[in-house]
Amino acid sequence: MKNVKTTTHGFALVGAMLLFPFSALASEEAVMNGADTAWILTSIALVLFMTLPGLSLFYGGLARSKNVLSVLMHCFAIACLISILWLVYGYGMAFGDGGAFNSIIGGGKYFLAGIGTESLSGSIPEGVFSMFQLTFAIITPALIAGAWVERIRFSAVLLFSGLWFTLVYLPLCHWVWGGGWMAEQGVMDFAGGIVVHISAGVASLVIALVLGPRRGFPTSLMPPHNMTMAFSGAAMLWVGWFGFNGGSALAAGGGAGFAIMATHMAAAAGSLGWMTIEWIRHGKPSVLGIITGMVAGLGTVTPASGFISPLGGAVIGLIAGITCYWAVIIIKQKLKIDDSLDVFPVHGVGGILGTLLTAIFASPAMGGLGYASEGMNMVSQLGVQFLGVAGAVIWTAMMTWIILRAIGMVSELRVSENDETEGLDVTCHNERGYIMENSQY
Amino acid sequence: MKWIVAIIKPHRIDSVREYLTQANITGLTVSEVLGFGRQKGHTELYRGAEYQVDLLPKLKVELAVDDDKVESVIQAITHGAHTGKIGDGKIFVIDLEQAIRIRTGETGSKVI
Amino acid sequence: MKNVKTTTHGFALVGAMLLFPFSALASEEAVMNGADTAWILTSIALVLFMTLPGLSLFYGGLARSKNVLSVLMHCFAIACLISILWLVYGYGMAFGDGGAFNSIIGGGKYFLAGIGTESLSGSIPEGVFSMFQLTFAIITPALIAGAWVERIRFSAVLLFSGLWFTLVYLPLCHWVWGGGWMAEQGVMDFAGGIVVHISAGVASLVIALVLGPRRGFPTSLMPPHNMTMAFSGAAMLWVGWFGFNGGSALAAGGGAGFAIMATHMAAAAGSLGWMTIEWIRHGKPSVLGIITGMVAGLGTVTPASGFISPLGGAVIGLIAGITCYWAVIIIKQKLKIDDSLDVFPVHGVGGILGTLLTAIFASPAMGGLGYASEGMNMVSQLGVQFLGVAGAVIWTAMMTWIILRAIGMVSELRVSENDETEGLDVTCHNERGYIMENSQY
Amino acid sequence: MKNVKTTTHGFALVGAMLLFPFSALASEEAVMNGADTAWILTSIALVLFMTLPGLSLFYGGLARSKNVLSVLMHCFAIACLISILWLVYGYGMAFGDGGAFNSIIGGGKYFLAGIGTESLSGSIPEGVFSMFQLTFAIITPALIAGAWVERIRFSAVLLFSGLWFTLVYLPLCHWVWGGGWMAEQGVMDFAGGIVVHISAGVASLVIALVLGPRRGFPTSLMPPHNMTMAFSGAAMLWVGWFGFNGGSALAAGGGAGFAIMATHMAAAAGSLGWMTIEWIRHGKPSVLGIITGMVAGLGTVTPASGFISPLGGAVIGLIAGITCYWAVIIIKQKLKIDDSLDVFPVHGVGGILGTLLTAIFASPAMGGLGYASEGMNMVSQLGVQFLGVAGAVIWTAMMTWIILRAIGMVSELRVSENDETEGLDVTCHNERGYIMENSQY
Amino acid sequence: MKWIVAIIKPHRIDSVREYLTQANITGLTVSEVLGFGRQKGHTELYRGAEYQVDLLPKLKVELAVDDDKVESVIQAITHGAHTGKIGDGKIFVIDLEQAIRIRTGETGSKVI
Amino acid sequence: MKWIVAIIKPHRIDSVREYLTQANITGLTVSEVLGFGRQKGHTELYRGAEYQVDLLPKLKVELAVDDDKVESVIQAITHGAHTGKIGDGKIFVIDLEQAIRIRTGETGSKVI
């Protein structure tokens, strides 16, 4: 357990000695901290809220109205499926002790067996820790849904998400937070730059390439059908992210406070960054722009959030807002890759950027809180971060491609042309999003 | 009787209805339409992708009128809808053969 | 303690002696636990969030657009009314000491008099406990709104809710959580299977029968006017339910963690259960289906949530998803009872099912955390649960019928035919839900 | 710090001795309280949630559909801008030590420099305190957005908000909570009657007068385009207000519980008050009415919430619901001032009312928890409160007017007639809120 | 051929379609419109401000029919839409010169 | 002049407009309608209750054209809207007596 505890999320592992000597001590004595527990219970709610309804509405609003329900359905069904898989083997593979293979993958604790109300993970009950982690496991494949919207078959969504969770998410999560090889190398990822954003972003790019563009792309534009819905979802993401990054401190204290400050400033600066560039280049700043900048800032600051100063967060956010703007232009307009809701340019690019910038801004010279492993400096840590990024990109790309090919062998990935034209809501789910006023006869 | 179809700018509807009321017109039917014509549309921008919108929101006003009222109705609509800018819209006149009131079954010009 | 701690919510009262020896002890010494308080403060927000906007949007989206505001109005006005009644006499009747009649009803503490910032209820301030309980008292009559939508008079809504709260909710709440006869019998209801779901469900059935169907039912179908709104509401319900069931542990610890895990797994399994059966029977799974399955899973696991394992939660959820699906078909399609938003088949059937299954899955043999009262086994507890269910069903049905008849004697229950056709938003509230674009002249 | 600490928000200042002797003691020894921290971390999320998406949706729904995105944009951009200014100098000016000028304005701590994860503010980390305060600094200028919607230029929004935050919000915040002259006088403002509601309300009135009415006002009515959206936002405000007022206790205890109870009862009573008066005067109660009454109740109870009994909260709410109803009628219908979303009559009038009523209902004779400064009685406190109100009204009105004139000298405040007619979404932000169904060709 | 335009109350559409089916009509086009006529509208209230709405939701049904079916179609619509209250709507008949089926290019009355 | 009404599948509008532009048509008005015809609709399902939707989303394109352009416009619409599947829609031609431009008061075929 010690092992696991120390390898958790907020990098308490390494941080243990460095940042939280007291809580590390406490964990030896296995004392539950009610305050930490209260905050993580809250964070569980906040992070689930990010997916349901947060991300669902964000993505749903960006789709066309004939497909809005299919987008909501993807996010919701993924949340359900991953939850059950987490119960059955997910938690164990990510955070259980993998014995001799622990660098590669964990194991045990299937069906959460052996975990009781008294089991602890650090200063919080293990059940609470497991639930908190589950909310991360839910949002990651849900993020990918942005790449395949408006054309994928629903059964392919389920198949893909189950396999990808098993073959990509669980290993990565174990490598970084469960004591696997990345943790051993000293890779710093506070709340999921690698585990969540790089993995989801890279998978999205591969999916966009394998699946091909939506009919009509790129000649006919497919504007968001409901920007107010996308806005609501984005705002919920911002709020929920306090649980995502702040909860990753796994304690109710100054560490969580700092993580939230850095997170918040990155969101604000990312938004203003994107807004400004849009204003300059196109003459008018847009709601879609400002909220996309926010997501870019938040995704990018995620791996760094617990290691940096608030000002560091603002700088990272600004860099993110500008970089991701250009990434979207390049991927969608220049390369004409239909990563429909821009998951790779925002989350993938942001995740990579943030993971690397962590090495810069964690430096005490930059006002940061220092490196997780002893003896690290900016250069050596940057090397380690590169290693982590490279490992994650390669593994994710490779496995995502294999999974898609495998599914493609047993069934179609895309709906028929007709169904795509008519919209997935009616053709796949027998429903319509909106049936207004007079239409009701 | 004539069937008059007018395409106007949405925010002129109140003024059009006022003029029509002055012309003793008590019945009409309005629908939301999108119009394409000389008037330039606008550009929308979604994550850097520009999107030219040239179908503009307009209102279509339809009314059945007696032959002797056609002129005054055209006057009324013209006055009400006029702003002097491109896109003010048009009025079309079609011959109407018959009109029936559903409630009473009455027919002809007393219906309208 | 072990047993008990986990078995809380109301229960505190009776439970005090029986179930929480430790906290009871603590309360003797009157020590407030800040961590528990922090978590229950959070839970108050989460559970209010379930009604406003959660349930309101869920129900509003399922109605037709001409009635959407009336649905929102019902939920909101009920929340306000019940809050004031709670202040005046509700809390006292539910949780005050009823003296000789305590098995039947509580009393005292009117206007929350005598409660100060220092008063404790277990390890948390009594004001916090009272507010937490109020959020349950709000959502229960709001749930019933699903039965009468699109045809009831607004004044009848207020009259009914006030009377029903007084004559049905408060007694039930006292019986189960306030030390009344059900508590004395050892009925286990962690977070409101009986108090909330059975009572709301059964009342809904009676209302549907007394009020009669909406004009046009069942020949013309009345599809949801805004599934994205219903989805948002459902997602908020899921998140808020963590406060509902997790907060019912009344402490920030492993018990709350377990309750949340069981709750979450039941939601996931209920959703997948309903989705699967729809997929098999109709060829396509729907968003309305998956979120209804979620509510079924959540409602059903509620009474059991603090007594069972996460796996137990998943099994209960699955059973709930399938059972409630059939219950809806039977009530609405076969029996042609217009319980408009299916409150009885989902909450009533779910509540009964969950209350009975509590006896099964609380058993340590099923991985559960054990029974609340000493000397209980699965069979004897099942008997007690049956007793609780029967008592709640009979009392609720009887009193609901009497209340409706009484109101019917002083005023019409339904709006006029014309108003029903035109829609309640304009005819009862002088407003319209949506006034879009060009329509704005 | 002591000074500052004790004068903060929850009025711990005075309250320290009176209400929280223990925590005051603890603060001497600079011990972090995890439970308090957990609750304030939660409150940060709740209060941000009030602005994003809460207030944004509330306001967005009340606008016409052609302007909905511009309203959302204002709220969002203000949140981003104020966050960065807070980081740069806002926190320091509000809560830093102003030395000799401390009665007037604070200083120092620019870029949050010198604050570490270990720094405390009372019993919570200073970073947490700073973030909590930031969420108040965000919502205040966002509230003002209700006055200028549907006609202001976006650049004027940014300029105004930045200047107003600096010249009005920061001084007021410092005067009341940062140890400035109002604090010295013993002005009681638990959670922002003066700092938030009076300041936003009065600024709105000035803006409405300087900016002039929307084209068509008051002859053509401009009804809310989406009451379901306004409802969602209002419901989120209610929930978030628990963090606003409850969090202002700055501790997880009975004080927060009482603040939440008073807040909740005021919301309920305000809603019922407005509903009743509408029902009597117009024959039908409306959703817009009931939720406006809720906001009136909440705004009014804010300064009093931590000093009064739940019953006191209900009475304040009722008075607020009725008073603000008439204030809206007078300002909008009688005086024909186009404070478009009625910010002054609801927040301004409510804030003034609540600040004065605080002196009444805090009295132990009215069931209140007593006055903050020693030796105060109802009359003397009322005098102090008058002083606070007068100071805030005068300062805000004066500075707001100056800021508007200054901006007006460098650029237009309003968009062109044509743009106003066409709507701000397309003309200022190049987007449309809704692009439904068939329209998607 | 004739072009028949009927303005009816929204909730009568099902019944109108039933009668039309009985009259062997298999094609029609419906749109949502707002109607102004003798029927009184309603008042809306927003924070004390009254707002008179006199444009009421109606449906417009348009069908092209053969000359010999005009009478039976009028009958069908009248029966289907009739409630006897003000606002039941009207039927208008216009001469139709030509009809073309896009799929096949066929023309004339076999198209409709 | 003629008044041409075309009912088409929504996703064909871009292509129709392209062909019309080629035919030198610079003005038209579009509305969203629901069509009932030979084309089968779809089923919707809400909590086990099936719901047959046979009113399908279509677009109505209306244009006033000069007599000598009628043929080319019909050609253009037919080409643009054609997919060869049931439900492609129809074109109707009605006689148009008069057209007025609101902005200028001009009348006749120079208006359209």
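We call the chains A, B, C, D, E and F, going by the order they appear; numbering starts again at 1 in every chain.
To be clear about the criterion, contacts are C-beta pairs under 8 Å (C-beta built on N, C-alpha and C of every residue); 3 or more make two chains touch, one makes a residue touch a chain.
For clarity, every value in this text was computed on a predicted model and none was experimentally measured.
Peer 1: For the two copies chain E and chain B, is the contact made of the same residues on each side, with over half of the numbers shared, or of different residues?
Peer 2: different
Peer 1: Copy of B-D's interface among A-F, A-B or C-F, judged by over half the contact pairs being the same?
Peer 2: The chain pair with the recurring interface is A-F.
Peer 1: Give, as an integer number of Å, the spacing between the C-alpha centres of chain F and chain B.
Peer 2: 18
Peer 1: In whole angstrom, how far does the Cα centroid of chain D sit from the Cα centroid of chain F?
Peer 2: Centres of chain D and chain F (C-alpha means) sit 52 Å apart.
Peer 1: Quick one: chain A and chain C, Cα centre-to-centre, how many Å?
Peer 2: 33
Peer 1: Could you list the positions in chain E whose residues touch two or more of the other chains?
Peer 2: 11, 14, 31-32, 34, 44-46, 58, 94-95, in rising order.
Peer 1: Would you pick out the residues of chain A that each touch at least 2 other chains?
Peer 2: 33-35, 38-39, 42, 223-224, 226, 232, 252, 282, 284, 286, 288, 430-432, 434, 437, 439-440, in rising order.
Peer 1: Touching residues of chain B toward chain A in the complex: what are they?
Peer 2: 44-51
Peer 1: Spell out the residues on chain D that touch chain B in their complex, using ranges where they run on.
Peer 2: 220, 421-422, 426-427, 430-432, 439
Peer 1: In their complex, what parts of chain D are in touch with chain E?
Peer 2: Interface residues on the chain D side: 221, 223-224, 278, 282, 284, 286, 288-289, 292, 325, 328-329, 332-333, 342.
Peer 1: In the complex formed with chain C, which residues of chain E make contact?
Peer 2: So the residues of chain E in touch with chain C come to 11, 14, 34, 42-46.
Peer 1: Taking the complex as given, what residues does chain C use to touch chain A?
Peer 2: Interface residues on chain C, with respect to chain A: 6, 33-36, 38-39, 42, 46, 64-66, 222-228, 231-232, 235-236, 238-240, 242-243, 246, 251-258, 260-261, 264-265, 267-269, 271-272, 275, 282, 284-288, 290-291, 294, 309-311, 314, 369, 434.
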